[in-house]
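What follows is subunit A paired twice: with subunit B in the first complex and subunit C in the second.
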Partner chain A sequence: MRKTLGMAALAAVLAGGAQAQSTADEIAKYREMIADGNPAELFEMEGESLWKTPRGPKKATLEQCDLGQGPGVVDGAFARMPRYFADTGRVQDLESRLLTCMETLQGIPASAVVDGDWNKGERKTMDALAAYVVTHSRGQKIQLDLANPQTRRMYELGKRAFYYRSGPMDFSCSTCHGEDGKRIRLQDLPNLTHKEGAIAAWGSWPAYRVSNSQFWTMQHRLNDCFRQQRTAEPEFASEVTVALSVYMAATAQGGVLQTPGLKR
Partner chain B sequence: MANPMRIRAAVKDGFTEVRVLMSHVMETGQRKDSSGALVPAHFITELTAKHNDKVVLLAQFGPSVSTNPYLSFKFQGGAKGDKIVVSWVDNKGDSRSDEALIA
Partner chain C sequence: MKAVSILRPALAALLAATAGLSAAAGEDYDAQTREMMQSSFKENGIASKYRQLQLDFQKACSALVPPSAAAMKQIEAEQMQTVRWPDDGKFFGDWKEGEKIAQSGRGLTWTDKAGESNGGGCYNCHQLAPQELSFGTIGPSLHRYGKLRGSDEGMVKYTWGKLWNAKAYNACSQMPRMGDAHILSEAQIKHVMAYLFDPASPVNQ
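For the complex of A and B:
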């Protein structure tokens, strides 16, 4: 009897493995099918019009926003971010840089986004703007300026944060993203410690999530990773989130961006 | 006013393929919000696609169609530069019409 049970359990495990594999294939197939009509494009269109619409107390557009390639240059800007900006004296990712532009050009306080809620108000505006900017780096190579000492410092900080265990479950980012072949439910998790995995992750966020019809920026993605670890959620565009992005982007250096991505 | 659609149309071997991405919440009327109140149904009911002035596709949509629907179809004929007009009406009487030229 006991032996029979053991065999049944083994059979179940084998079937489970096969099922997980075929489900991953099915998801890949599904993704391929709808990649043609990625609804992220709708956010991109909205972002483009927001970029050119005078807003905020100063009634200004973002067309003079300097994303590192000069004022108003959007093309290829995201492929070189996060980067060091001399005017703010900080290494900034796309979202934190957009915050700077909104504040300085339009007079919209950063707190409108930082203290806001996901998918609402100015944070939603941020989603659309990010969709617009990243689309203009699609197909380009990730090229971070790793010679810059400030970027190097953020890389080291990000690496430390990646392996730093905290919270009631004593998780770190590396618990889930430090080995090949891990998954949460049916979602395969990229191994962010090597180039291939980092390209898969950094190169496909921000993304449209089909399951909830939402567009998520990397800030949102990172925040949710912390929430899933049941640990303290980082502040929007805080130093640790930018540092983790630098670590990821640096590991993915040279890979091709597929942004905006499409997720389950 | 609803957000614009993205329409792309291309002719190949005598057939025109039209791809439409619509921006719509497509609420089923079955979901509840955080306070437990029913979210009212809000979905596209009818979609019309025209090639120049001729209707080439008439579709009835329902609440089972996803948020931000994507529709792709082919019809025989069409030439480069012809106009494709896609319009929809939803159950609240809201509507949207966008056009594109065949590439």
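For the complex of A and C:
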């Protein structure tokens, strides 16, 4: 009940639009109000259940999924991602690694997610699974293996992608996220080129979004950034999304994860 | 055939060793990034894959090292050539229409339809009328634009040119090329001009 009231109050505040100051303060109040109950918990619980449920043509669970810490180890796995996986020969973020596990263990083709729609079908399953995994790195330090040459390479590509200007509006990621203290309308924008901003962003996605009552993975977040940048659409779990994730996570190296986050 | 496959790892190792020169590695990463910015994207609705290709100035302004002062001047001179001045010599439309265009940030995303009229998205980045408190800060405040700057011919033409193609005045400006990139029509730019300069416009209150 308390949660419902809080959400209605925040929705009213957000709908008001013209506020004397940024929405940051109201969001902070709301976070405090529901400190012991982020709605993302519902997704996390669903994800845990999905993790342990036999699914797909092979009727298998994901309990043997190797997220980099060994088969079945979920604790602390997200804090070390994206990372290089020898079995696929690729640097993978959480979502692309979950695709590998769903395909190899359960026989669910990656295309079920890659060619799917947001908040539906296997992409929705992915949201819940991500919520489950990232909760088990909450409070842990971001620790990418930057000594790995493949991860280093993705960092270099991600940094260059961050500054890549194209499309009818000449935008890049850095247009909005390259300086401190900037806003679009009233929305505060983290500076992703510095540690503090990168921790605020990378450390709090995936997140529950109050404005649309949806749970968004970093894949979803990046997709909508590119939409607003007016580029073509990045493929789900494509190389650019992993490279940008490596760039953000590496910039946030050592920061503490607050996942899953709570956003406007 | 066999010789080639044996040679290839040796060659790769040799290349990796010489790539210790970071400039060479940097050029390689640049090329790999350009390739990635094509291969990772797909067309969706009006957002075609052509959008992943870079114009010369976009490429220059994406480099990790910013263009030299001379290169910036060159870009600005080239972009100035794109500015189209109003056919009828009239620079101003209706400020009330201009306000709607300044407020709207719609258009050109893959969830927008072809043929819909785009917004200018001005408030996304600029303060304009003082009663609109929901404004962004990526660009400077334009409150009292006309009142502070006056409206002599030089200022009017500068503003028109800046709206048509901001890169003509600042090669790597963050501001979109409203006219040159067909974001706004000539008529829409006239309305925005009136919103900025008209003494009756809320911007100048």
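Definition applied: the second predicted complex is superposed on the first by the 240 of 264 C-alpha atoms of A that agree within 3 Å, B and C clash if a C-alpha of one lies under 4 Å from a C-alpha of the other, contacts with A are read in each partner's own complex, and residues count from 1 in each chain.
The rule is simple: contacts are C-beta pairs under 8 Å (C-beta built on N, C-alpha and C of every residue); 3 or more make two chains touch, one makes a residue touch a chain.
All figures in this text were calculated on a predicted structure; none of them were measured in a lab.
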Subunit B versus subunit C as contact partner of A:73, first or second or both or neither: neither
Touching partner for A:238 - first (subunit B), second (subunit C), both, neither: second
Dominant toucher of subunit A (residue count), subunit B or subunit C: C
Partner chain in contact with A:146 - subunit B first, subunit C second, else both or neither: neither
Touched partner set for A:37, first subunit B, second subunit C, both or neither: first
First (subunit B), second (subunit C), both or neither touched by A:28: neither
Touching partner for A:157 - first (subunit B), second (subunit C), both, neither: second
Subunit B contact footprint on subunit A (complex, rising order): 34, 36-37, 39, 41-42, 45-46, 210, 213
Subunit C residues within the subunit A interface of the complex: 25, 29-30, 32-33, 36-37, 39-44, 47-49, 51-55, 58-59, 61-64, 108-111, 123-125, 131-138, 167, 174, 176-177, 181-183
Subunit C-facing residues of subunit A, complex: 17-20, 153, 156-157, 159-161, 163-172, 175-176, 181-187, 227-228, 230-235, 238-241, 243
Subunit A-touching residues of subunit B, taken from the complex the two chains share: 3-4, 6, 19, 21, 23, 66-68, 70, 72
